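Right, I'll just put the structure down here and ask away after.
Naming follows writing order (A, B, C and D), and every chain is counted from residue 1.
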């Protein structure tokens, strides 16, 4: 699946997007964030406080407990500040 | 004092304004409307339902019980429909 | 605060009024405009035109009092109110309210407050021209209710 | 209903967008516009510019969902939402919401609803340029509260 990062999540991870294949025991957005945080220093920094990070699956906002099965595109970003 | 009439009050009275000297026992807007209603057919028609007529003294909205002493300009009109 | 109140026969240019209000300032973060337009029907029946009668002198004073109240209730950086009188054809503009503030909520609330009061307290009377004879438009109780709610509502909103 | 949603780098012309929306129609009685403008300061400190990052594709989808919700809640005759991205200098416009209806309250409420949701749900992130290094703007809890109140509020208002 494709991961997208925006704003300071993107800056901390150091890239705007990447393709990943999460392990089969990662079922939810929260689980995916925990798994990502273990992938290295930059990820640990980006996901150090998962409570403040928002997520979207296939361009729709979702909660941390949302299942990731079947997702093509998952995005992580800080709370939005448009308007 | 000067009286002004607007919209259908003006049409019924048949003139936009006039100078009057009300009797000394007319103290309030409500009293003035009762006195005006007795001045002829057109006034009786204009003031037949005083509850729906609004008034202003010197360009400020007032209630029927407002005293008219010292007023220079009193206006009578239907509920407003601007905006 | 910059306040402009104008009564005129001619149509207005909302964009020009907004430009005048905001000018070269950089403290304005939010501008709300309300434009009231003459509809082609009134209560489902087509109309040829509206004619707006007004009470010269009192209109300006009454609008001025409400602009001052809006200024006291919300942190505004500018207000413009323009109201036309005379004959107005369907599709033409009737009334303009522009409010400017640092943030959006005061601008929205002040514009809605001013419109609710213009409807019920500014001395204007609309007459409708149909094919037949002209008829005065009745005041609506929902407009009174809309103006009334501001008496019990807190002044400045969140943010 | 006519709905226009646009994401662009360039500044917009609010008057031109209103003219497009109202056109030759004679059923529109009320038009509300909200224009968000880049202020010259953020939390009291002067800024050189804002840069708006966005999530292409999701922005349009998310705004589209809220426009559809506004349409379902209020009797609207037209909605336009334009949001800029990229670098924006103080005094320049950022976002435009235009709502048109027969009457004023639906137009006011729908515009405020759309702005409250744009602030908290549309995937945009503001970065501030100061003399020093760029800094991401923090989301405000008052914006969340403003969006939240629409969940518990009735749909269409009095007239």
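Keep in mind that, in the parts below, contacts are C-beta pairs under 8 Å (C-beta built on N, C-alpha and C of every residue); 3 or more make two chains touch, one makes a residue touch a chain.
Because the structure is predicted, anything quoted here is derived from the model rather than measured.
Visitor: Where the contacts of chain B and chain C overlap, which chains show up?
Guide: Under the touch definition, chain B and chain C have no mutual neighbours whatsoever.
Visitor: Average the CA atoms of each chain to get its centre, and name the chain whose centre is farthest from that of chain D.
Guide: The most remote chain is B.
Visitor: Please tell me the distance, in whole Å, between the geometric centres of chain C and chain D computed from their C-alpha atoms.
Guide: Centres of chain C and chain D (C-alpha means) sit 22 Å apart.
Visitor: Approximately how many whole Å separate the CA-defined centres of chain B and chain D?
Guide: The answer is 48 Å.
Visitor: Per the centroid of Cα atoms for each chain, what is the distance between chain A and chain B, given in Å?
Guide: 72
Visitor: Would you mind listing the residues of chain B that make contact with two or more other chains?
Guide: In chain B, 83 touch at least two other chains.
Visitor: Among the residues of chain C, pick out those that touch two or more other chains and give their numbers.
Guide: 36, 104, 115, 143
Visitor: Which two-chain combinations qualify as touching?
Guide: Final set of chain pairs in contact is A-D, B-C, C-D.
Visitor: Touching chain D in the complex: which residues of chain A?
Guide: Residues in contact with chain D: 4, 6-8, 56, 59-61, 75, 77-83.
Visitor: Please name which positions on chain C make contact with chain D in the complex.
Guide: So the residues of chain C touching chain D come out as 13-15, 18, 22, 24-41, 90-91, 102, 104-105, 107-108, 111-112, 115, 140, 142-143, 145-146, 158-159.
Visitor: Per the contact definition, I'd like the list of chain C residues that touch chain B in the complex.
Guide: Touch list, chain C to chain B: 36, 52-55, 57-58, 61-62, 83, 94-95, 115, 118-127, 136-139, 143.
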